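Think of it as A, B, C and D in the order they're written, each chain with its own count starting at 1.
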Amino acid sequence: MTELLTNILSPSWLAYAIAAAIQCALLLVVALASAAVFIWLERKVSARIQDRLGPTRVGGRFGWLQPPADGLKLLCKEDIIPAAADRLLFRVAPYISFCSAFCVFLALPFANGWVALRLDVGVFFILAVAGIEVFGVILGGYASGSKWSLYGAMREAAQVVSYEVPLALCVVVPVLLTGSMDLVEIGNRQAGWFTNWYVLHDPFTFVTFWVYATCAVASTNRAPFDLAEAESELVAGFLTEYSGFRWVIFFMAEYASMFVVSGLAAVLFLGGWNGPIPIAGLLHLGSDPDTATGFIANLLGLGNFLIKTVAGVTCVIWLRWTLPRLRIDQVMTTCLKYCVPLASAMLAGAVLWTYLCPGGLIARARHSLTIAAEQQHAPTQERK
Amino acid sequence: MNAQSIHARLSRPFRPWLVAGDFEAIDPWIEVKREGLPDIARYLRDQRDLWFDLLHCITGVDHFEPDQQKAAQMERPPHIELIYHLSSTTHRHRLALKTRVPRFLEEEPSRLPEVSSVSSVWSAAEWHEREVFDLCGVFFLNHPDMRRILCPEDWVGHPLRRDYRLPAEYHGIQSR
Amino acid sequence: MEAINWHGFFFLFFAIVACAFAMAVVVADNIVRMACYLVVSLGAVAGLYFLAQAEFLGAVQLMVYVGGTMVLLVFGVMLTARGPLASMRTGGGQWIMAAIAGGALLAMLLQAAFSVSDWAAPKTIQEQAAVEGSPSARLGLGLMGVRVDQLEQPNLMLRRGMSGHLLAFEIISVHLVVVLVGAAYLARAKRRLDHKQAKDDQRP
Amino acid sequence: MFSERVQPENVEFDVHTDEMLINMGPQHPSTHGVLRLVLRTDGEIVTEVTPHIGYLHRCVEKIGENLTPRQFLPYTDRLDYLAGMNMNLGWALTVEKLLGLKVSEKTRHLRVIVAELSRIASHLVAACCYGLDLGSFTPFMWAFRERELILNLFEDLCGTRLTYSYITVGGVTDDLPAGWLQKCATFLDQFEPVIDEFHAVLTSNAVFIRRTAGIGVLSPTMALDYGCTGPVLRGSGVDWDLRRDGEPFCTEMYEDYTYQVIAETDGKYPQDHPYPPVPPAARLGDCWHRFYVRMLEVVQSAFLVRQAMEKYAQAGGKVDEPFPLKKKLPKGEAYLETEAPKGQMGFMIISDGSPVPYRVRVRSSSFCNLSVTSELCRGVLVADVPAIVGSLDLVLGEIDR
């Protein structure tokens, strides 16, 4: 795109800037659209769980215009900054949260090679940047000048900082199996049938996936780990004093990070853009995105990725509307007493497994079967 | 155990403090002198055959008639009556314990009458006594936390006194 | 305007942000704002690393320093905050002391920087960008005990001795575990006391 | 999975943070109205809780001194506005006690029907708002769906959905409309299987158990000492229900009905339905038991309604013979407590012979149940405060009067 624009526009720096802006806008649209879809999804899923209909009228069928309507309503709300607040930090905090949630999209691949910024440390980058989101929450909670907000901020800090440890340990397992921190590489390594997915690689990765799921829910602050905004205890936690647009921004950040952890789960454990049946591979569409067939294959991959991610988000929503909230000490116990040792054990187990039985359970079984078959077919050759 | 036998049971140790009793009333009651109230309460709670472990309610009743003519017809001089409704969950019997306090301490209209608290006997009395203090204006001695409970702390007067008049204004709020 | 040096532009941008917010940390008198500025400053340094294509280092910078500052902030609020917005004012003496210490450090760094001959003049972008291979892979392999950069060592006996940074890595890990355990031990409830007495102790 | 917590009041924490005073309420999502709790906290640990009440105070007792008993009846609706029928019943029975009035058999059974339906509605709100206090929103919606059906029944009965003034002194305001019993039976038929859903999503939910079991343990002696009544008292294992153990005026209403008083006696609950078992972590008198007692009482109430409908259909007599609006009352005083959903609701009426009572006293069950809060909340975590307060099932209209 940059080359195209450079050819058209005379000052190249302008072309460069515009190209950059377009790319940013594209990503922003993805982040915001996903948030809007998830808000609608949350309303619908929660309504169905609660024996209601949810939005039905706004925008015709299924209330699909509900999120924009919500957004419009929230934009029209009075923007309140409490007298006791630290005005600068109060204003800045939502943007920090949203920026970090948005920056993660930079390194998140949507299909084979379809990633804004292909880093060879993609996983690490995502973990590092996603970790900054909590900073906005802490800042917002502190700057509100309200005790409930401060409580929310402190809980968020304690919780998210703790859960980063098992989360990172879980993420290390697929990295270890691939031998790369490049998310595209990790995704491609799971190509083929669904048996190649890392979640089915060996028993240890299977457990790791569930530990990852737990920690991911916790690190996005969703129920049953939504202690930072526990409405029955802390009014609304760090969000207590926020209203209107700033509140929306925090909300967007929450939904964006839900998307990110689900997408990360899809890439790391569920085969990413590789469907359960390698349709693209069976049709010999190729994997080079520059060719037409490769493009179609990638579109299929994008569909796969989105289905998996949305399914993950739906599960998170389902959890939220089913379970009561844990208490802070229980949340910390879950993390430090169960998740961290379990994740460490699974890491060690996965290391052992790859050492003893490389290629995964099913691949290994198939391999040994082939060897056995070969041995039966050609016993004489073997002796030579 | 009915009220009569309870009265008989109490009359041995507490005869000088027992004032009256009505065992035929809808709710049989025993009236005691206010000096003896805490001791009798403790006795009622602790004796194995009495075992009044549940204090339901403390009611303050202001017997007073602001109208001079009607006041002349009153049977008894103006006073405040405190009614303690008790029951026993083990023996399933009930009792209304009454005591009388003057409307003002030493007839000085600014001083509230005093009576010993039974909150050390039944913790339930703690809040009920605060309520009686708040609404009827009876001060309970030895109470751990004698504050108003329903009205604001800076409220003037005790609403359930018969001669209570609503203040015309409270913090700029017109009340009439 | 044909050849605008974007690399240089972003370098300057991140450098100025880093320096400006570092100054702001010094000048600010509110502890939370200080921490906030510090985070921005460290984030800009991470940006510099990304610019130099050292993504691993950049991510580490974000995770360790920015995350660390967050913890600092939490402790700052929890342990020092009196009233809603804690403020720290610096006296004149402190300013002088800080200026002397900071100036000495700056002088030393400048001297060191100018003494590197390669840095005397800016290189072209092409030269700077010519970093072959992925740095993180080499670093990762180094941590796991394989020194990719020393493979040209012809003597096998010498190569065996260079087992990478595995030992250092292990020591740091064990150290961190010990620190974690220690922190957990410190934060643990220890003595049993009568509640009332404890409460009285708290009241000055 | 989580070891039993040490009693925090005996623990000295090495890491001290600043003590903080926090206002929980009067505007707070989990105080169910305008209760204000002042928490003194050390980090996440609450060292002291002081309830402040009176935000809804309207001195209903003073109002009662200026109105005749039937005029006062609508005010009783506003006490426990989640169970207006039971409030009406308490007042009506108290005045009837003073008058020495006996109502017809038909009225008696009709009263049982509405009182028990009202109890179901109140317990549903209590139990599932409790889920809300713990962060589980869904059962709340389910409970309101069922409660809505009960309110529809009441609306058919008396035209209102919240403040009924249906049970009056001497009877009820009107007989059942045609086809009402059938509607009620339909409701019960669909409601009884639904109860299991609440058990599935709350009672036996692992997170719910962790949040409630062993939290806010109220010993039987302490419960009695503080005058706690109703499910709070029965949750502590005291087998005491005024429908069975009360004064004759109260128990007569439930004569020849079969039902069980829900309280854990000899380590087990009465069993006539496959309820979830008591989890090992639960201790008698904790939040979980209080919740459980309410959920089981709902079943008993439904059972009572079924019996009452049968008896009502067979009983004779008129139901609407209300006491005249401005008739002189006999001299005397009467105090009566009835088993309302929240606990024992007591009314006292003192009459000097005029149509207007000399003194009216309202003994509120939530008032006494609330007074135990500061005792239960000593040394718990902040998140436990809503869990404990919610388990007491408070209605501020009744506390503040």
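The criterion applied here is as follows: a residue touches a chain if its C-beta (ideal position, glycine included) is under 8 Å from a C-beta of that chain, and two chains touch if they have at least 3 such contacts.
All values derive from a computational prediction rather than experimental measurement.
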Can you list every chain in contact with both subunit A and subunit B? D
Of all the other chains, whose mean CA position lies farthest from subunit B? C
Quick one: subunit A and subunit D, Cα centre-to-centre, how many Å? 46
Approximate Å spacing (C-alpha centroids) for the pair subunit B, subunit C: 71
Averaged-CA centre spacing for the pair subunit D and subunit C, given as whole angstrom: 59
Between subunit A and subunit C, centroid-to-centroid distance (C-alpha), Å: 26
Can you pull out the residues of subunit D that are in contact with at least two other chains? none
Which positions in subunit C touch two or more other chains at once? 78
Where subunit B touches two or more other chains at once, the residues are none
Spell out the residues on subunit A that touch subunit D in their complex, using ranges where they run on. 46, 49-52, 147-148, 151, 155, 223-224, 226-227, 230-235, 321-330, 333
Which bits of subunit C are touching subunit A when the two form their complex? 1-4, 6, 30, 32-33, 36, 39, 43, 55-56, 58-60, 62-63, 66-67, 70-71, 73-74, 77-78, 84-85, 134, 136-137, 140, 184
Okay, in this complex, where on subunit A does subunit C touch? 11-13, 16, 84, 86, 88-89, 92, 119-121, 124-125, 127-129, 131-132, 134-135, 138-139, 142-143, 145, 150, 153-154, 157-158, 161, 164, 180-181, 336
So in the complex, which bits of subunit D are touching subunit B? 53-54, 57, 59, 61-62, 97-98, 100, 221-222, 224-227, 229, 238, 240, 245, 247, 332-335, 337, 344, 346, 348, 350, 358-359, 361, 363, 367-368, 371-372, 375, 400-401
Of all residues in subunit D, those that touch subunit A in their complex: 2, 20, 22, 28-30, 44, 131-138, 141-142, 145, 201-202, 205, 207-208, 210-211, 381-386
